[in-house]
Structures are given as C-alpha cells and as structure tokens.
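The two complexes that follow have chain A in common; it is paired with chain B in the first and with chain C in the second.
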Partner chain A sequence: MELTTNVPNLESMSDCSIKPYDSVYLGMPYCREYEGNLINGGTDLISAVELIHEMGKRAYVTTFAVPRNKDLERVFRSIDVAAGMSDGIEASNLGVIRYITKEYPDVKVIAGGLANIYTASTAELLYSIGVSRIVPAYELSIEDIERIKETGVEVEVVVHGKIPVGIGHECFLKKFSSAVGKECPKICREEMFFRSEDLVLKPFGHATLSGKDVCMYEHIEKLKFADAFRIEAVTERIGYRERVGRIYRELIEKGFSRSDLEELRSISENGFANGYYFNRAGQIYIPG
Partner chain B sequence: MKFVGLRGYSRYSDKKALTLDEINSLKNVAVALNRVKDGEELVEICRKIRHIHVILNELYAIANVSKFKKVTVSVGMVSVNNLDLKFYRELNAHAVVIPPELNDEVESFENDGLKIEVFGKAFVEMFYKGRCHLSAYASGKSVKRDGVCSMECARMWEVLYSGEKICETSFKPELRIYDVKADYIKHETRQINGEGVIENGINNKCSQS
Partner chain C sequence: MVITSTEPGRFTFRGDSMVELLGPGGSLEMVEAVFRAGADSVYTGVLGWSRRSKKYEMNDEELRKAVKIAHEYGGMLRAAINAMPKSGEGEMYVDKLDTLYSMDIDAVILNDIGLMKITRERYPDLKIVASIGASILNKEEAMLYRTAGADMFVADCKMSLDEMVEIKKYTGLGVEVLVHANTDFTYLGRCWMSSYKSLKYETIDAKAYYIGSPNRGGVCFRPCLLNWKLCGERVYTSDFKLPNDMFLMLDEVPEMIDRGVDCLKIQGREYSVSLIHDLVRLYRNFVDEYMERGGVDLEAYRTELDAIAEKRDSERLRRTLELMRAARVERSEV
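Right after this comes the complex of A and B.
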C-alpha cells in the first residue's frame, strides 16, 4: 500500500514531515498565487523533486485544478519540467489530462479528485487513453470506488484530511482581506472557517474544504482494495502532515491503536467525518 | 431550441421533468440528461429518445452517444479552456457549454467546428456548476447524482478568523444577465419557481421559503 500526501511549497517540506510517506504530490492545486506554489514550476519544483528522490520516495507533480486559457502557458511549462524528472503528474482538468497523455505518453498520469470521475465507464475511457491512476470523485461510496477499481486503473483514496466541497472562479479569502488585515498571498497563511449552525467549512484559495477531517482510521480495512491512501495535508499547519502520516504508517504496518485514534481526534479542529464512503452526508462520522 | 429534462436523468427537478413518452411526443426539443449516471445506461436511454440533440454530463456517454446524436457537453463538465474543447472535439461532441463565470473570455476559446454555448442569463453560484459537493456534504443530497440541491450555500455564514467571528457572509446564487456572443445563448431558469429562489437553503432554520 502506497501512502501519499501533498505539499504546497518547498518551505513545507521538512524531512520529518515527509518521512512516513512513500510518495508526495508537489503543489497546491486550489490557487496559483499561493506563495512558493510548486505548481508554477521553476527551480523550486526542480529542487523539490530532487529532495524527494534523495529521500528514496516518489515525487508526483500537481497542476492547477481549473486552468483557464490565460493559465495554460504556465501549465505547459510546469508539465514540461515535471515530465522530465518526476514520477507522475496529477491533473483535475480533463483537457489537461488529455494533453499530457497525448504529448507525454510515457508519463504516469493521475486524474485528481476534482476531475469528478464518478463512474466506472468514465474511468474505463480515461484508462484507455493513458490515465494510470484515478482519485475518484469525493462523493462516491466504497462500492462505487470498487467498481472503478475493477476497470484495471489504479485507485487512490483519501483516508484522512479535509476534502474539497467545491471550487469556484474566485478566491474565497480575498474578500476578507480588510477584516483580517492581510492581503493575498499572505491571507492564505491565516486559519479561517465559515460556520453556519452545525456546518463548518474551510475556505482556501478558489476551493472550500470540509471543516471536519475525513477520517477512515477505524475503517481502513474497507479500503484495502485501493492502491494508495492519501493524507490530504496541502492546506494544513506545521506538524499535521508528520503526525497524521506517522499514525497511518503505524496503522498499515502494526494495526489499530486507540491512543493513535485519540491523537488524530486531538489534531482535528472540528471533529471527524467519513466523507461519502458510507453513502451518507459527507459530514457524518460513524465510529468503527 | 428548448431543452427539456428527462425524468430521473436531469438535474434539479423531477417534478418539472418529463417522461420518455412525453418527450418523444414533443416536436423540436433537445433533451437534458445531465445527471451523472453509468455511461452505458445513458447510451441506452439515448437510443430510446427520438430527438437528435441531447445534453450529457458523463464522459463515456459523451464519447459514445456522439456517434449517433448531436451531443452538447453540459456545463457540469466545467470546460474552462481550449484543451477541454480540443478533447470534446476529439470525442465528436456537437457543442460545449462554457461556465457563465468565463463569459468575458469567450472570445479566447478556439472552437474549430465545435459549437460554443454560453449563458445569457444565469445564476452564478458559490462554486462552478458541476464542481459543488456542498449539498451532499451537508445533507447527503447530491446535485450531480440525485439531481437535488439543498442550497446550503445560501445560508448565512459566520466568518471565523483565529476562532473569532469577524463578519457574516452568504453565497446565495446571484442572477446575472450578460451581453455575450456565441453559437448558442442559454437562459437559465431552473432555480426560479413560484416561491422564488430558496433564501437560506432548505435545511436552514432561517429559510424564508
């Protein structure tokens, strides 16, 4: 089982935070303007890939989730760098996915969670044109994801962290710049939430994420058919990636620990959810 | 051209959608099957529709129904750049709907034979149409799969910074009218009914509807 995570920039890449993982996705897909964002390519991306390889791990490069025409030149440049030195490229835009499979047929292409792959039939089509791995649409249940796996494509699932509940054309934080006293891109370093009664969301760049942490620690056996487990940490504060990664590494290698589950609970600001794995509202948590 | 929804297959309202028999008795309509379902099922139901033009929201169905019908790629596929258009041309689609948020850059799209459809009137929402899981996250009702939106975006939200409330906001869909040119201009009406747009979402205690 491959344990993966994601990092937005070089600054977030300490050795200990990467240590528990087999592979790392480089770049923040929710906003191009994020400070030091590795999706923009350049020397930072080259250094990051080299660093990951020196640690004996795989480096995948992420691309901006919703690139408009004006963004394409930058996307092409970073894909060109990534194709030459990384172990794969993740894209959530179908046009970009098709571009990579055509122009770089030897590159491992990973269709990201925001590519909205809901059906085995879509997965089969993408697999036939060269997509190697799929992160299924976040709304899918375990049974739906198993059907995608049956097509032969590799499947990666989020086992812990905040999942996107949507992505839009504008930044969700910039409009609060004056209230917070921070402009773009500094405002992304601040922790903000939207709350309405029982519902909490985390705005971040063009995306808004679940306020709760999806946690499948108690249910990990049900996802064992997947090829990779992802810890979503791209928007998290220092320490989160390392602690959560260490706990899931222990879970994979040694099994369940009540104290580790409690530690996960203590890290989560707004509690746990199961996402959509059990065909219920994404914010509900069912204890194991 | 009018799009009509096929009951069980179109987004937002099975009350307003029509049965297959009702649709096949109409003249000169295009049929919306923009709910995400298994691709083979969509191909089969499209074979039973006598009209030539359908709108679809699932990649396998777009590729395969395009072999025998005119297929418009739904706005739910979130086509935002020329690479998307190139892909749908490769799949032999007839037209692609561009999200209304991109209306001011429609001229930058290279259609090369593919028709471009834009919104002349649309509700601009919290997220791109087709990239919103908020309803499913909050209440289990999925816009993409069940065709139901619980309008959680329209709630009044407290904005918390370092744990403290700094203001309130709402992401209620906003009706916009555009002066935009393309091959097809669409006028969205789905969220307008006798009661108006749902004020704060159907699960919110403050809802006015």
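Right after this comes the complex of A and C.
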C-alpha cells in the first residue's frame, strides 16, 4: 500500500513531514498564484524533487486543475519540465491528460479527483490512452470505486483530509479581502470557513473544500483494495501532514489505536466526515 | 439543405448560417408548447438518467410520445442522459440507449466521456452532445471529447465567445450556448456542495438515483443560496449568499449567430409551461427578425424579456425555498 500526500510549496516541506509517506504530490492545483507554488516549476521544484528522491520516495508533480485555453501553454511548459525529473504527473483536466499521454507516453499519468471520473467506461477509456492511476470522483461510494479498480487501472483514494466540494473559474475568497484585511496571496494563509446551518466549507483558491476532515481511519479495511491512500494536506497548516501521516503509517503497519483516532479528532477543526464512501451525504460521519 | 416546418417561413437564413433554437421538455405539455412557440428542437430527461428531479423527466412511454410530437412539428428531440451513473451501470446504459435509439430520437446529451465512446461505437449515426455537466474548459479537453464521439458541446456559462469559437475552430465541434440558465461560482459539473449537505440514495427500476446530487441525477438543494458567514479568528462578514444567478442573454445573441454558434438553448424543465412558451416565442421572434433583417430592436425585446424574467424569478424563489426545506429532511419527492 502506497501512502501519499501533497505539498503546495517548498516552504511547507520538511524531512519530518515527508517521512511517513511513500510518495508526495508537489504543487497546489487550486490556485496558480499561491506563493511558491511548485506547479510553476523553477528551482524550487528541482529542490523539492531532489529532497524527496534523497529520502527514497517518489515525487509526483501536479498541475493546475481548471485550465482554460489561455492557460494551456503555461501548463504544458510546466509539464515539459516535470516530465524529465518526476516519477509521475497528476492532472485533473482531460485536455492536460491528453497532452501528457500524447507527448510523454512513458510518464506515469495520474488522473486527479477533479477529473470527475465516475464510471468504469471512462476509466477504461483513460487507461487505454495511457493513464496509469485514477483518483475516482470524490462522490463515489466504495462499491463504485471497486468497480473502477476492476478495469485494471491503479486506484488512489483519499483516506483523510478535506476534499473539494466545488471548483470554479476564480478565487471567491479574494472578494473578501477588505473584510479580512488581507490581499491575495496572503489571504489564503488565514484559516477561514464559510458557515451556514449545519454546513462548514473551506474556501481556498478556485476551490471550495469540505470543512470537515474526511476520515476513514475506522473504516480503512474497506478500502484495502486500493493501490494508494492519500492524505489531503495541500491546504493545511504546518504539522498536519506530519501528524496525520504518522498515524496512518502506524495504522497500516501496526493496526488500530484508539488514542491515534482521538489525536486525529483533536487535529480536525470541524470534526470528521466519511465523504461519499457509504452512499450518504458527504458531511456525515459513521463511527466504525 | 432542406428544412421542413409545420409553420412555413419560420426558418430563415442569412448566408449559410442557421442557428437551432432548443427548448426544454419537462413534460409532454411543455414539449408541445415549445414547438408551438417556434423551437427547432426540444430536450427531455430520461427517467433516472438526467440532471434534474424525476418530476421533470420522462419514462419510455412519455419519451415515445415526445418524439412523435417533435417529429410532427418537423423538429428534433434530444434525450438528456447526462447524469453520472454508478460506475458499474454500463450495461444498463446500453440497454437504455438501445431503447432510445429504437424510439427514433435525434440526439443524446451525455456527460460521461466513456459512455460517449460506447454510444459512438454502437450508433455511429446518432448525434452526441457533450453536456454542460462535462464542464469542458479548453480546446484540448474538447478534442478528447471529439475523439470519443461528441459532435457538439455545451459551453460552460463562464466561457467567452472567443473561447467557444477557438474550440470550434480547433476541434470541429458544434457549439451550444445557454441563453437562459443559472451560473454560480463553481463550474457546473464540478460542484458537490448539495450532496455534501444532504443526500438520499434510492433506485428507480434498479437504476441508482441520488437525491441531492445534481451530477448523479437528483435535485440540487441549492445550499449556495443559504445565508452564509465567513469565519476565522472572528466573523469577518455575514448574511451573504454564494453566487448563483439566473441570466437571460439577449444583447449577445446577434454576435453569437454571426460568429457561428450552432444552437441556442433555453433551460427550464422545472418552470411553468406558460413561462417557457413565452420565452421560446420571444427568442424565436428575436432570432428570426435578426436573421431576416440583419438587425433587431433590442429595447423592445428587452422590455418583454424583463417581464418574463420577473415571473421566472418568482417561480425560482418558490422552488428554491421548497428545495431548502427538502434538504433538511432529504425528501424524495422533490
């Protein structure tokens, strides 16, 4: 089982935070303007890949999740750089996936969760053009994901962290700059949430994320068929990636621990959810 | 090109350009009304398979009748089968596709690129429209849909006309634009807020049906229209809604026609038949006047459209309140 996570920039990386993982996705897919974003290449990306390789781990590079025509050239040039140094490239846009599979047939291509892959037929199509791994649409239940796995493609699932519940064409948080007293890019360094009735959401760049942490710690056995477990940490504060990663590493190698579950609970600002794994509303949590 | 119509003179040409006017068919009565009002085509939801509540979808018998009505008017029917099925419902999809094809439908509206490929291989002559739910964002992505079998794509509401034209030129895909619809701060096929809040899992004839997930076939509970607060160390601001706005395009339509947009779509299966009839009639007259005369009195149409929009807003508010109430109890009948 591969345990993986994501890191937006070099500043967020440390030996300790990477240690529990087998691989790391580099870059912030929700906003290109994020400070030091590794999707933009440059010396930071080279340093990040070198650090991960020195630790004996795999380095995947992610790409901007929602590129329009005007963004394509920039995205493609970043891919040209990443293809030569990384162990794989993640893309959530089918146009970007098309480019990588066409231009770099030997590069491992990972279709991200925002690629909206719901069906076995789409998994088969993407597998046939060279996609190696799929993060199925976040809305899928366990039995749906199992069916996708049957196509032969590798499957990666989010076991912990905040999942996207929407992504759009602009940063909605920027509209609140004056109310918060911070401008882009500083504004998204604040911990902020949208709240209404029973709902809590986390706005971040072009994305809106679940306010609760999806937590499959108590249900991990049900996802054992997957090839990789992802800890979603790309928007999290320092320390989250390390603590959550350590707990899931222990879970994989030694088994369940009540105290670790409680520690996960103490880390989450708004509690747990199971996402859509059990055909229930994404914000509901079912204790194991 | 030979065009037939039960209303002689309804189709007009300027040069070789012609734009299709597509209306919603939320019921058989609405199907009849949109053609009476002058639509060239209608789209109807296949029960359990489209991005709307089952209240506004049709079973096989109703679909057959809808096709008959469409063809009697010399029009076309597109079957919307654009909700994302469960991953293992591929065979069920093929069965449904076979049934639809046997009804003599003119096109299918699809969201899932894998199902698109299956459809193209099985029925090479069937027109395939890539739904707005596919959220095609750029020309490379559009090309992959083209390769999988799409003939036309529905442009996302945030896409500029320049982008649409660029995609059309690059891929050869036809372009469909929504002239009446809603747009929010997410891309339409990339929003899961509703099902994050509330979700009820049911089946219709063994087909999965997720109430609360617009992508998977049920209704959207419109949580974006709740009253929101932005909180961090303190409450920064409160009582705002997340963007979700209706729009009716008019001023932009002539340029769209001139630059080769192939289809103007009026959304609204959930609205009243009379409202949809009036909306289709207005756009029919507008398009015809523009194409016959090369110009149009925008102000007169705008006044008429404003009156329709007022009625639409009232119907929409009632529906939004109904959905918000339903979200709290996950009611299946919405």
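The working rule: the second predicted complex is superposed on the first by the 288 of 288 C-alpha atoms of A that agree within 3 Å, B and C clash if a C-alpha of one lies under 4 Å from a C-alpha of the other, contacts with A are read in each partner's own complex, and residues count from 1 in each chain.
The rule we apply is simple: a contact is a pair of C-beta atoms (placed from the backbone, for glycine too) under 8 Å apart; a residue touches a chain by one contact, two chains touch by 3 or more.
Fair warning: this is a prediction, and the values are worked out from it, not measured in the lab.
Visitor: Chain B versus chain C on the shared chain A, clash or fit?
Guide: Taken together on chain A, chain C would clash with chain B, as the superposition shows.
Visitor: With both complexes superposed on chain A, which partner does A:Val107 reach: first (chain B), second (chain C), both or neither?
Guide: In the superposition, A:Val107 contacts neither chain B nor chain C.
Visitor: After lining up the shared chain so the two structures overlap, which partner does A:Ile148 touch, if you call chain B first and chain C second: first, second, both or neither?
Guide: second
Visitor: Between chain B (first) and chain C (second), which does A:Tyr138 come into contact with in this model arrangement: first, second, both, or neither?
Guide: both
Visitor: With the two complexes superposed on chain A, say which partner A:Ser121 touches: chain B (first), chain C (second), both, or neither.
Guide: Touch partners of A:Ser121: chain B and chain C.
Visitor: Tell me which region of chain C runs into chain B after superposition, given the options 61-69, 277-285 or 295-303.
Guide: 61-69
Visitor: Where on chain A do the contacts from chain B and from chain C line up?
Guide: 66-69, 71-72, 93-96, 98-99, 114, 116, 118-122, 124-125, 137-139, 164-169, 176, 179-180, 190-197, 199, 201, 208, 210, 276, 279-283
Visitor: Mind pulling up the chain A residues that touch chain C in the complex?
Guide: Residue list for chain A touching chain C: 66-69, 71-72, 93-99, 114, 116, 118-125, 136-141, 143-145, 147-148, 164-170, 172, 176, 179-180, 190-199, 201, 203, 208, 210, 276, 279-283.
Visitor: Quick check: in the complex, which residue numbers of chain B touch chain A?
Guide: Residues 36-40, 58-61, 63, 77-87, 90, 99, 101-102, 105, 108-109, 125-128, 130-134, 136-140, 142, 144-145, 152, 155-162, 166-167, 169, 204-205 of chain B touch chain A in their complex.
Visitor: Report the residues of chain C in contact with chain A in the complex, numbered from low to high.
Guide: Residues of chain C touching chain A: 84-90, 93, 112-115, 117-118, 135, 137-145, 148, 158-159, 163, 166-167, 184-187, 189-193, 195-199, 201, 210, 212-213, 215-216, 223, 226-233, 236-237, 242-243, 330.
Visitor: Show me the residue ranges of chain A that touch chain B in the complex, using the header's touch definition.
Guide: Interface residues on the chain A side: 66-72, 93-96, 98-99, 114, 116, 118-122, 124-126, 137-139, 164-169, 175-176, 179-180, 190-197, 199, 201, 208, 210, 276, 279-283.
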